[in-house]
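Consider the two complexes below, in which subunit A is the common component and subunit B and subunit C are the respective partners.
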Partner chain A sequence: MAAIGTSEGVQRMLADMREGVLQGRVPARIFNDQEIFDLERDKLFSTAWCFLAHESEIPKNGDYVVRYIANNSIIVVRDEHGNLTASLNMCRHRGNMMCKSEMGNASHFRCSYHGWVYKNSGELIGVPYFKEGYEGKLDRKQWGLVKVRIDTYAGLIFGTLDPDAPSLDEYLGGFQFYLDIYLKQGAGGSEVHGPPDHWVAETDWKICAENFSGDGYHTPVAHQFGFHLGYFPSSGATHSEGWAVHIPDKGHSIGLGHTPGMPPFFGYPDQLVEQMRASLSPEQMEVFSKTRTAVGSVFPNLSFLIQPFSLVPGEPGVRFCTMRLWHPIGPGRMEMWSWCLVPKDASDEYKEEAYKAYTLAFGQAGTFEQDDFENWTRVTRAAGSTAVRGVEFPYVMGLDRPRLDDFPGPGYAVSPYVTDTNFRNLWSTWLDYLTREV
Partner chain B sequence: MDDENTAAAGAQLEASALPNEIPLDGGVDGPILIANEFADVVVSRVLTRNGMRLDIWSPRRGTRVQLDAVELDCLSYQEPETFTEMLARKPGG
Partner chain C sequence: MGLATTRGVDREVRESIREFLYLESLALDERRFRDWLEAFAEDARYEIPVRVTREKFSEWELSPTSRIFDDTKETLEVRVKRLETDFAWSEQPPSRTRHFITNIVVRPTDEADEFLALSNCLVYRSRGEETTPSLFSAQRRDLLRRADEGDGCGWLIVHRWAALDQAVVNAHNMSIFI
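What follows is the complex of A and B.
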């Protein structure tokens, strides 16, 4: 369905939203609406850099995973020469899906319809009845798989459908400083621990992306059992403490929650902290050492979280890292990918402990995950109901809060951690995409 | 002296190029199934009266080839493009 039929009502809502976001108002309707979904597909996901995979998911030649940008299925593969490449998951002959498995290893892909064979890097090389049927006249060079532009940062593979998009480096716009807390854990960096958890949720992707742009406000309430039982090393009395940082006009945000008195890098093995001292800048060490929770998002729909979590209530927490992709598949509906990232150079024992802490809190059966999706699904349902279509939500928290002048990292930083500042930037960036000509 | 040194260096290089032990992952008896979403083959060792071959059987296609050590050795140093050329010549639709 094309977005050419955007109604006057939605156009007016988006026009009003420009001023509304500055004043701290966001319309509920954007969280569950067919027209908004169509606009996001055609104007946002068709031009932004979107996360596809982590390099450690395809470590060996021939390893591939199938991922999506909007409704486009994409094969991400390490070819026979070790190079990363991505192609639309579609045979050029009649459009059949090439790879049906979500992951696998193959030097060549063979279409299950008429049998065209491609190198895993996308070149068409084998055509049944080439002489008899095509009389040798088909130019195989013209009919390779359709390439998708990709680039990487610290193991993350991003793709864009826009050949004119700025570089990934420019797109990230300094947010790399904060991504390093997740991606450069220890000297060898981070790697995925096992395959991702993957499920469908009746939730709008933006609710999740907003939450992971630094919503420390919900934590003591939505996840109160974690505080009360002693899984989570924070207290409702001091939970607002910390920083919220965003990259203006880029949409990337992070919340950095603090717990007074918590030792630096609490929950990491000492050896790992020593390695990070060598691989991270002094400014990064200053920001990260104080951080209990780092919850951040790369616009539009890739998020991360690091925090200590106790495997046994009351015992010292183990620091774990999750990476998640909120992939829209319909208005108010999404596919969820959730990974556990571990430091590549850490001991197997620590990796297992961190993975246990991750599964206790996140993934389908994770306690925090269930708390969140319960709420997010209800928000989505409300946003799609008829009487709510004209209702707005308040985003006024921290509206007049001054920028921190002495903050050591890039971007726009404020304190405390509990604020809507990051979200207003998220929504104004989202609005930039949805209202511009493509 | 120079010749001796060269010979010693050569022997050292040869030894370091060898694996420390024969990889036995997956067992040695077979048959072994090698499959992905595009093809599946059954691989097994076949003893002849005077030696052995590796049997590669494609159950879906019904085709079979039995390769001796020289042919397998030859496969071990081919470029990936060699296999691409083989598939281009006979894509096996």
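What follows is the complex of A and C.
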């Protein structure tokens, strides 16, 4: 059932899409449409587990960052006891915004309107004129900041607006196996190199989420310079090699691209390659050691990428890791958040090198990122144009490829890396949320 | 320190640094990226830190660790080589830029042949048929070294540091240079 207010046209489109996705067809219109945006806000972002922050962004008691789920501003805090908590960034008295900066450290938050004071964990502890005005009768326990349910996996803090949502563990549904390549770099795990770079783009978040669900197909063309000038250690002839894996009905996916002949975890310093054996299971080692590119997404809008950038053409280069959030702010409009994750235990020298490689390739001045957004803003514009209503895109690549039955990791794995298999699962999961009764 | 003066820098140095900054931005606006690259010393750094909205009196507003650009001359050359192909899609067709450089203040450093040049930089960038341009407003802090006789136009950039005034930049990419 569609939400009240959704037009018949959109309801029909979604109903047709149910059949279409399985056969490899997706309507263009979903990538830039006001009604779809509204449905996503009400049915998807209101129930899914959405990424808020990495624990290493708030290492000390009192550290906080302000983040978003759909149009909700949320304070994510490490409280005075070291526990992680999250609350809506809104004063419970009349709704003023509590934190006006992106990050900081505070034991208490004081509202700049009438002066209510909260502990950083959200409990209301100070009310001006409590005796004179409220005659001592306001029950402070009832009027704390509105809590947001959170949970973590390997440093990632997720939140959900749905108190009845299944656990994060169940939501991730085995995808943790693949997240480890990004989150368990070396013995000490991963940490952010610094606060994220963020900017606004006239792009629909879903185009990016799909791309980072394993679109190895675009790389040789969209990032042709990397191949042509030798900065990206892959070649057109072998680029399709590797695996694509997704978790059925959960929407999470990863693409694992291979470059034949390269040593395990190439682009990492030797010491880190050694440490990977300790931080990963034998099955994970089997899946990841050959990987040149690991490009994956947690449904709906959190993505990761590991790949090398080589300043010397022909050499393995330096491996870096980026984490990104495609935050929708309107139909066909998003705010992009981009972090660099570095192995906590690696040398400062490698961290700096990896960070340099990251900024050269990703972030708003990154050479790969620039090209991606150039394409994505054009796709978005086309999807919002009237003649495109009713036009569908083909998602038939790999439709008849059998599932690999001896693949060592969980989920549904196929080969080669270049395929639409992950995307069909992504869009059918998306459809499950949008057509669900809330 | 009050309004620190630029005493100790003679007029001729100030004039030639000002002209250097104008010529350098002209190279960018005319898309002569090779010429632009030659304005950098071999050991040059090119940095744009990430700006974060913070409370007043916070330790920093420009991240000490996060950068939008974190380049050396070698990586700037990677960017330039890319722009010299016809498949640097973010610049195909190319942006039209105009760099407005004002408020130049030149200060001496401990090195006799190196000076610090502060300037305001406003970059107007127009792309394709878009009617809304991107605007980047930044403070630049350039460490300049006097070039050898006959080398370029008198100065080399040893360190360019530019801080954007927006914390959330309203442009889909920064495929241009500040």
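The definition used in the following text is that the second predicted complex is superposed on the first by the 429 of 438 C-alpha atoms of A that agree within 3 Å, B and C clash if a C-alpha of one lies under 4 Å from a C-alpha of the other, contacts with A are read in each partner's own complex, and residues count from 1 in each chain.
Just so it is clear, a contact is a pair of C-beta atoms (placed from the backbone, for glycine too) under 8 Å apart; a residue touches a chain by one contact, two chains touch by 3 or more.
It should be emphasised that the depicted structure is a prediction, and the values quoted were computed from it without experimental measurement.
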Inset, instruction - With the two complexes superposed on chain A, say which partner A:199 touches: subunit B (first), subunit C (second), both, or neither. - result: second
Inset, instruction - Return the chain, subunit B or subunit C, that is in touch with more residues of subunit A. - result: C
Inset, instruction - Classify the contacts of A:382 with the two partner chains as first (subunit B alone), second (subunit C alone), both, or neither. - result: neither
Inset, instruction - Could you look at A:101 and tell me whether it touches subunit B, subunit C, both or neither (first, second, both, neither)? - result: both
Inset, instruction - Go through the superposed model and pick first if A:138 touches only subunit B, second if only subunit C, both, or neither. - result: neither
Inset, instruction - Tell me which partner A:126 touches in the superposition: subunit B (first), subunit C (second), both or neither. - result: first
Legend entry - Touched partner set for A:231, first subunit B, second subunit C, both or neither: second
Inset, instruction - Return first, second, both or neither, reflecting whether A:369 touches subunit B, subunit C, both chains, or no partner chain. - result: second
Legend entry - Touched partner set for A:115, first subunit B, second subunit C, both or neither: first
Inset, instruction - Please write out, lowest number first, the residues of subunit A touched by both subunit B and subunit C across the two complexes. - result: 100-101, 104
Inset, instruction - Would you pull the subunit C residues touching subunit A in the complex into a rising list? - result: 48, 50, 52-55, 58, 63-72, 74-75, 78-79, 81-82, 85, 87-91, 167-175
Legend entry - Interface residues, subunit A side, partner subunit B - complex: 80-81, 99-101, 104-110, 114-117, 119, 125-130
Inset, instruction - Write out the stretch or stretches of subunit A touching subunit C in their complex. - result: 100-104, 193-203, 222, 224-225, 228-229, 231, 311, 335, 340, 355-356, 359-360, 363-365, 367, 369-371, 373-375, 377
Legend entry - In the complex with subunit A, residue positions of subunit B that touch it: 36-39, 80, 83-84, 87-88, 90-93
